[in-house]
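These are the structures in question, set out in turn.
There are two complexes below, and they share chain A, which is joined by chain B in the first and by chain C in the second.
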Partner chain A sequence: MNGLETRRRPTRVILWGTLVAVLVLYGFPFVYLLLTSFKTPLDAIAVPPQVLPSQWTLDNYVAALSKEGVVPALINSGATAVLSTAFSLALGVPAAYAITRYRTPSGRIFVVAALVTRMVPTIAVGAPLVETMRRLGISDTTIGLAIAHTTISLPLSIWLMSSFFEAVPVELEEAAKVDGSDRLQAFRHVVLPVVSGGLAVTAIFAFLASWNEFLFALLLTSVRAQTTPIVIANFQTQFGLDWGGMTALSAVYSVPVILLTLALQRHIVAGLTLGAVKG
Partner chain B sequence: MKLRSTSGRLRTAMAGIAVASVILAIAGCGAGGSSQGAAGKLTVLVEGGGKAELQPIADLYQKETGTTVELVELPYDGLYDRIQTELGSGKTSFDVAALDAIWLSAFSTGVSPLDDLFTDDVKRDLFPGLVTEAQVGGSYVGMPVWTNSEILYYRTDLFGDPKNKAAFQAKYGYPLVPPTTWKQYKDVAEFFTRDTNGDGQTDLYGTDVKGAVETEWLATVSQTGEKTMVLDPKSGDVSIDDADHLAALNFYTSLLPYAPPGAAQLDWAGAQNLFYQGKLAMMRFWGHAYTQTPANAKVKGKIGVAPMIAGPGGIAGVPGAWYLSVPKATEKQAEAKKFIAFAYAHNDLSIKTSLGLVARISAFESQAGVAGHENYPAILTTLKSPETIARPATPKWQEIVTSVLTPMLQKAVAKGANNAALLKQAKGQIQAIVK
Partner chain C sequence: MRLTDRRFALALIAPAALFLAAFVAWPLLRFVANAFYQISPMAGGPRKFVGFENFATAFGSPAFQGAALRTIVYTVVVVALEFTFGLAVALVFAALGSRSAVFRTVFMYPLMVAPVVAGLLWRFLLIDNFGILNELLRRGGLLHSTDQIGWLSNPKIALFSVAMPDIWLTTSFITLVLFAGLQNVPGDVIEAARIDGVRFPTLLFRIILPLLRPVIAVALIVRGIDAARAFDIILIQTSGGPQDSTTTLSLLIYRTMTRNGDPGLASAMGTVYLIGMLVVAAIAIFAIWRPGGDQA
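This part shows the complex of A and B:
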């Protein structure tokens, strides 16, 4: 046993070393952003760059959060992301269920077509959407932007949910039917609870897609529905970049998604595992 | 039991989402304010940094006319995409747009002529370069709303030091003053490049050399007296490899020994920071920055400003102007033009904004001798100079800058660069773009 442990030790060291290296690689930009948000204007643009602030300050947060339009933009971002997630799940879950359970040729074409829409550049969809939203009278509204964001997240939702439904044995539903449930009841009371982890994964991806989206928000909103990514980008002007304000607002904007991910972590892991064990 | 519990949580979550959806769907709007497109309202698209410039004018307009002016703030890069998309669609969500000078020719077909606003009195009170720039295809397509220019920043503590004055006089044979010519600039840059703490390392440089932005070199080109900057947009002839452009590039790169290393990557923010950290004795930079020195900058209270330096042709900068334009697609043509005329008439309201930039000569002149606005005379002199000319009015300009001028400059500031060959290569690349 001890010999086995000894032989495994170098492997563990390598694995841990790799893990730390990857974590640093992924985490450093965000850590640097966080540290910059506490720097004075001079430290923020120091040449060469300095990692730690020479003087810690909360001024950037005070300035960023008191900037006109920041709080409404945060509310808009949340509302748009929640709506878009709801649309995405409401449309994607039944679509994925139908595709995986009925297995028709049209269903297969549909799922491939959904994937193809992911290949279309966003800007190519953006210009027609501007006109469509205007004709519908929902330009510069949260619901209009949420619909636009759903065009991004829906294909992914369908694909993700399809893989999760595939992992649920048909026998489970058949057993429920034997016990007197119809298909809808079996879907609601048996299948959906089993794929709740998958739902969490799909929801968080849909939420993130909307939360971070920039181009549609730029093209489709003006004042009422403007979201935070646009406000963050506004710190970059022709004559310079307010690093302090930009990083402070970016840090604040990161908090909800970090909390959401932590809160749903168990479901996410369970959901990913569910998709992975499909035999 | 567990299944039921999970199902319950799921139902609760779904119900929550549904309720939120319904509420928001009924609202059908966002948290950012009132609806657009209403009567008695003008929507103005403006770049992030420019909103503050227009806000006092918009407020006064609303007070005097009852028309609300909604300033829609967008990031600099995004503003171009938004305007391009909307003008292309034939319908716009805005009635007025603030356009960067370099975008005017790209958007000229989508905006209404403003010829009736450009009276002789108006033209007399605008810098010649701005009047030229506003005219595309024979029509005035934008009214200048604010403008900027590079000016000379220098350290008053260094220039005022009696020891420096005496040493400079002894070495160069003339007094140490803020330089006005290429020769003086180079002399002063050389003089101040030194090791101030005796550790064997240079820690004070006379100037910076920016390799990551092109505008300063373009100003240098104009300082030679060159009247065809890079290319003639009408004929398509490319002049970038002529003698004046080469002289400008040679002077520009001749300052490298007196500038911090890393010129190829140095942009506006980097140069500004080097100056604030006390590592530069002089800097050529946009005029608005004079009022924005950070409180903890080492050079706070020790900054002087002067007009941009002169080459063989004279003083020259590059006008960094913004224009108000009216999209052809808006139904509020008359109201939009009325606002633009109002903005011109009350241009001086922008003096007290964060950027503090205006467009009218009289607005700049109104601050002569006013403490805190020492940058105005320097900007005024630079912009009034006959050598200060606008950038070429070609829709391809942004592409030329990104794919030719900036890469060319980055190569030029590298050791052993052949400036003539680089300009010749750039000529070929620009010809391919504009053909």
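This part shows the complex of A and C:
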């Protein structure tokens, strides 16, 4: 119960009305994208435009998915995001744990550095990374792009995981240590299971950061490792202004992640707000 | 040798620290160093040390000045509008209580949409002749014809139009963060104010917003940084046009780096941009947030 909640009936009716109006307006752009993806190519660019398709068809989906490079790009996007999420968790989780449990000076410096990393313009890291990846022999590869994406998701993962570790009582580990576990065992067998929900949230954010990323993908990949955002962007030049195909591929790319995250929404809200609210 | 707590902590932090050093700090240092050289755009081409010449060129160029101004305008417009909308929606959610939970979930969906998709989608909604927005405005009697407003083709308003998908995409973030903050506002404080007959605007500006200060600071700083870095969402809508009216710094630097082939100048611009971001963020953190001052 919250002091802000209003109990006056007329006010509640007005507020519900406002809320529904806002949600309709807010939902319309994406609903319109979905509706357009089921139109015929001519319907999609009809003047004047119609909201509903005059004829429902899957042609745009078939055409978009059969275009050269589209399916490989979807696979690349998935592989890059999974790999980057793995890097991010493997590096970020131990670091976040050390920062919250042992408040050493190096940990504090590191938190500030990770925060500064967030302010760096992508191009300032991306342009020199092109050269780095070439030297490492991983230019235009999924692993190279995944490394670049990890530079975005790692600071975020550390930030999020620190909040989750913060909530674990120290007594839990003390008890484990009394029972004869060493620090690493206590971390692995006692602390990690407790924060499994937090791990899931962090994983989803790392995944989304990579899945939706554009500029690193543009700079660091050309053909082999190209991800879907680049392909979607190319719909306007490579294939003319193919709005039907663009909306279909956008739907294929967005709907699964939207559904996945909405299914896990309670955890996501916790993740989004935890760091901020703790201040 | 016995592992001290300190060494153990260091061992856990080291991999992440090394990673960020190798793939963020080192590239960034090279980027800043490049700002002092004249560099041939060809790989392995000649480099010549030119001191602060690139910086002088950058500051003296109208393109850079214009882009810097547009970046500021874009950031302020995006953050101000999404803060206003986000706060309004958060207050509605808070007033409706737990029964609004399902709607909060629905409201969150744009956060999962790729900026590229959002940019293209809005370009589609705003297109002059067959865009649905102008058509709906015409049907509503607000416009005579659908080409009356050229959202993305009129240089005077294009910068505001390209901001719309960014606002659409991330208002949810502000709402979620502020809503969570509102949950922590003690109910009895508001109850007491209500009993004293305090009106809602006073309650909002004198009690609620000051209590939310740290949360607001985090939301504004995070969003401000991201809006100032906006790239794909603008590129996909206008590529910086018409007549450069939507060329923000990130687009100008990208173009100078790749298309115009002057990596030295692009690095100088990027370095100024980075320093600007750090200074503004530092001021914002100390002015609004006051870390340590009010640990909740």
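Assume the second predicted complex is superposed on the first by the 224 of 279 C-alpha atoms of A that agree within 3 Å, B and C clash if a C-alpha of one lies under 4 Å from a C-alpha of the other, contacts with A are read in each partner's own complex, and residues count from 1 in each chain.
Note that in this section a contact is a pair of C-beta atoms (placed from the backbone, for glycine too) under 8 Å apart; a residue touches a chain by one contact, two chains touch by 3 or more.
Here the structure is a predicted model, which is why all the values come from computation and not from measurement.
Asker: Which of the two partners, first being chain B and second being chain C, lies in contact with A:150: first, second, both, or neither?
Answerer: So A:150 only meets chain C here.
Asker: Pick one for A:233: touches chain B only (first), chain C only (second), both, or neither.
Answerer: both
Asker: Pick one for A:34: touches chain B only (first), chain C only (second), both, or neither.
Answerer: It touches nothing on chain B or chain C.
Asker: Does chain B (first) or chain C (second) touch A:63, or do both, or does neither?
Answerer: neither
Asker: Mind working out whether A:46 is in touch with chain B, chain C, both or neither, as first, second, both or neither?
Answerer: both
Asker: Which touches a greater number of chain A residues, chain B or chain C?
Answerer: Greater contact footprint in residues on chain A: C.
Asker: Looking at the overlay, does A:76 come into contact with chain B only (first), chain C only (second), both, or neither?
Answerer: First partner only.
Asker: Which holds for A:252: it touches chain B only (first), chain C only (second), both, or neither?
Answerer: neither
Asker: For chain A, what residues appear in both contact lists, the one with chain B and the one with chain C?
Answerer: The overlap between the chain B and chain C interfaces on chain A comprises residues 45-47, 87, 123, 127, 131, 214-215, 233, 235-236.
Asker: Which residues of chain B touch chain A in the complex?
Answerer: Per the touch definition, chain B meets chain A at residues 3, 6-7, 9-10, 17-18, 20-21, 24-25, 27-36, 43, 47-50, 70, 72-78, 81-82, 85-86, 88-89, 91, 93-94, 100, 148, 260, 262, 268-270, 272-274, 276-277, 286, 288-289, 294, 296-297, 320, 355.
Asker: Okay, in this complex, where on chain A does chain C touch?
Answerer: Per the stated touch rule, the residues are 1-6, 11-12, 15-16, 18-19, 22-23, 26-27, 29-30, 32-33, 36, 45-49, 51, 87, 90-92, 94-95, 97-99, 101-102, 104, 106-107, 110, 113-114, 116-125, 127-129, 131-132, 147-148, 150-151, 154-155, 158, 183, 208, 211-212, 214-215, 229, 232-233, 235-236, 243, 246-247, 250, 253-254, 257-258, 261-262, 265, 268-269, 272-273, 275-279.
Asker: Can you list the residues on chain A that touch chain B in the complex?
Answerer: Chain A reaches chain B through residues 40-42, 45-47, 55, 69, 71-73, 75-76, 79-80, 82-83, 85-87, 89, 123, 126-127, 130-131, 134, 138-143, 145-146, 188-189, 192-193, 196, 199, 214-215, 218-219, 221-226, 230, 233-241.
Asker: Applying the document's contact rule, which stretches of chain C touch chain A when the two form their complex?
Answerer: Within the complex, chain C contacts chain A at residues 3, 5-6, 8-13, 15-17, 19-20, 23-28, 30-31, 34, 89, 91-97, 100, 103-117, 120-122, 124-125, 129-132, 135, 138, 146, 168, 171, 173, 176-177, 179-191, 194, 208, 214-215, 218-219, 222, 225, 229, 231-232, 235-236, 249-250, 253-254, 257, 263, 266-267, 270-271, 273-274, 277-278, 281, 289, 294-296.
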